[in-house]
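Several structures are given next for inspection.
The following pair of complexes shares a single chain, chain A, combined with chain B in the former and chain C in the latter.
Let's look at the complex of A and B:
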């Protein structure tokens, strides 16, 4: 299983050189970069853990790559890591790019639970197999 | 008009017939107020009819006038309520056609009602005998009026946040064949397409509740497919469930059922009418639902340049009315779409302020006053091999819908979806890296295809497919020409 959240999940894992190029693009647009990680891959898990605060004053993609390397030292192989770019322009004030840079070694995927109700209705619940274990011990 | 004999008269309110120009509907010195609604018409007067008189007649017939003088005007603040034609210009290169700019006082219109606005501006006046043809080209909606509308229920930003998808166009496909599939088979197409990599699938405009598939069946099977695909990919998915129906009661019933099933999005057709669209927009706002509008029927009045209503006006009305998605053309696909005119539509959907840009068909500055952005949808005859052109022409805040270009893939629907998604992501990656995607597009696609067999197959099957026909609806101004 390979979760396909994020802008570039259908491409081979991005190299550091490719991540740097995307970071450069975002900084040239005036967007702020941010690193997040999680061990809960549920598609509705909005709030991944922040690796520090968004880098509002960053000018050089090297700063992003340094923090990413630090984050990887702690979480690589045991969590998902993503880089996102925030645009503070009026009318946007939201993310403009968000892509996964690192994945756990194994991605066990999701169970789709169906609860039958009346009138052929089914209530669906998506449950990550990884979430069966406590946070911190999932991957 | 000229062929109507004006009665000999002593003063303005003597009974009888007089020229519209002399009745107060024509004033070249009039300075439009910031709160006026402005309309730009293309008029084609009958032979022998003075264009200024024809323009005044359009102002008159779309506001307070009738064919003869009525003394009851004097019971009103009639000067204020008369629309005023303040400018007439010949259309460049089109003999016998004129642009007439007309200003309407804001108090002529009910707040927040597209029906009321359209009943005046495109009401009786379009059948007026002294004109051969009439086209509403553009409108300027003042901030004071824009603020009386809710606008898109969700808008581009919140839609992206809700779907957790940023930085690339969204991908969709319309289920084909558009008619005849059973609910069970229909859901199969939805599942395969979403699992393969699309974000959305879509009901077609004429899928409602027919003998081969009743609406409840379709909704139930589609939501099974959506949820199954979400679990297979870990990604939020959706399917536009068409709730268009014969009555509002039916539409509400279908929309409520879609909501109960957990759908993120429902769709309606333009032919349900402006009132129904505004009702559904309010419903969508109350129920956190993305509202997709299929512009079924618009080409009957938007396509020919001499008569009807430009699609840019329909797009403006729909942004006020409050839909989140609107089909706005592909340029390169199978349906009408000049690149500059289409660019104008996309700007109307997505920008917070549209400056006048005659070469894109935008005749007025338009301030959207914080109204949310509407997501344009490109659909009809597009395929993965055009990805560089699509991204270049349409940008990233749009939905690219590959119906045939997904379902017609030789290795199946999921493979078709994967081909589109890989092509898209590879192109966005390359664009962000600073590469010239228009020049290098085919090379970028072929490089991506070396690691993705479905993309290689898609590029091979559709390599020569283009729709090169000349457009009927093109701008009248070219960028080098200084407007009169």
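Let's look at the complex of A and C:
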């Protein structure tokens, strides 16, 4: 199940050239870039892990692509990786753009659980199949 | 696209279009001396232009390795030329920005385990797209300390210099003899550096011309007495310790301006022509301590 989170997630996977172009766009806007990864695909999981520190002074997308390559060496095929762009001009870091660059080789998707409650009420829960296994061993 | 050997190429137009001519002329005009350096830069620029045309016309030609080493004594213009180099490579389309990030060992090497790799990578990322200038590069390598973190930084640098040639040009700089030893101990660097450029010391006349340029850029000038005194100053300064070519000249002029300011201020009771404000006189030069030393040396 192809997870749709962030910008471009309804499109086919971005090529490196397309990622570079997006990074270039962000840098031209004066935003700083950041790489994060996770193996917990739940849409409410906002706590992705940071790959290194945010990159504040890049002049060229090559810096991002270099770090993305380093991140892929460790996590490619076994986690989601995303790039985010932050704008500090309001006086705080605000997110402007965030998109997934890499996905696990397989995305088994979610189990929809229905809990029947009193008065014929139903509570719904989505649970990622991958999350059955411990963190680090999911994909 | 395959090369059609009969296509006519207008090399001159390509040269003009690149805008590199202006930078090379500027280099000639603004930097005194440095003949061998300027010659090498022209060669590199010509080579790059030809390479680019070859690629445009589908006649092969791969982006060449452009990492360089600049060797020479302090104040011989290495940093100044590196900045111009960034402009030249940018105009020729070999780097994407004309930005030069200038660092030394402390910017690259950390203080404890796990500190060095992120530091070095951070600098590399910032410099990507442009030029990374590593001043006194031999400090990266400290053979006397086997647990030195410099080695870790060197390995990352070498890897990026090799694998990301399209993203970054590295210029290493330092004294000639120590750079030689550095390259001998780190053959990986030597083989990745395509251009070794040596910066000669300046002659007395060149240093004087540099002084005049520095003055002119601030709309200052020597009067006749000051010019003569400054020639003596150059000869005397050269024989003293810590002589640093053009940098010594810059410092000497800064101090002369200070003495000039004091002199003008002390004479403030009288009306003074505007030209006094921009003129250094002999006394502003002759009161330098350099002459005390020179006089002391002459005494038995």
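Worth pointing out:
In this section, the second predicted complex is superposed on the first by the 134 of 139 C-alpha atoms of A that agree within 3 Å, B and C clash if a C-alpha of one lies under 4 Å from a C-alpha of the other, contacts with A are read in each partner's own complex, and residues count from 1 in each chain.
Assume a contact is a pair of C-beta atoms (placed from the backbone, for glycine too) under 8 Å apart; a residue touches a chain by one contact, two chains touch by 3 or more.
Only a predicted model underlies this, so the values are computations on that prediction, with no experimental measurement involved.
Partners chain B and chain C fit side by side in the overlay (superposition on chain A).
In the overlay built on the shared chain, the residue A:67 is in contact with chain C alone; chain B does not reach it. In the superposed model, A:135 makes contact with neither chain B nor chain C. The partner that reaches more residues of chain A, of the two candidates chain B and chain C, is B. Chain centres taken from Cα atoms put the angle at chain A, between chain B and chain C, at 100 degrees to the nearest 10.
Look at A:50: by the touch rule set out above, it reaches neither chain B nor chain C. In the superposition on chain A, A:13 makes contact with neither chain B nor chain C. Contact with chain C, but none with chain B, is seen for A:59 once the two complexes are overlaid on the shared chain. Contacts of A:99 after superposition: chain B is touched, whereas chain C is not reached.
In the overlay built on the shared chain, the residue A:25 is in contact with chain B alone; chain C does not reach it. Here the smallest spacing between CA atoms of chain B and those of chain C, following superposition, is 16 Å.
When the two complexes are laid over each other on chain A, chain A has no residue in contact with both chain B and chain C.
Interface of chain A with chain C (complex): residues 52-53, 55, 57-67, 70.
Here chain A touches chain B in the complex through residues 1, 3-5, 7-12, 18, 21-22, 25, 41-44, 46, 84-85, 90-99, 109-112, 120-124, 126, 128, going by the rule given at the top.
Across the complex, chain A is touched by residues 157, 160-161, 164-168, 197, 216, 220, 223-224, 227-228, 230-236, 260-262, 352, 370, 373, 418, 421-422, 425-426, 428-429, 432-434, 448, 451 of chain B.
Within the complex, the chain C residues that touch chain A are 96-97, 99, 118, 121-122, 124-130, 160, 164, 166-168.
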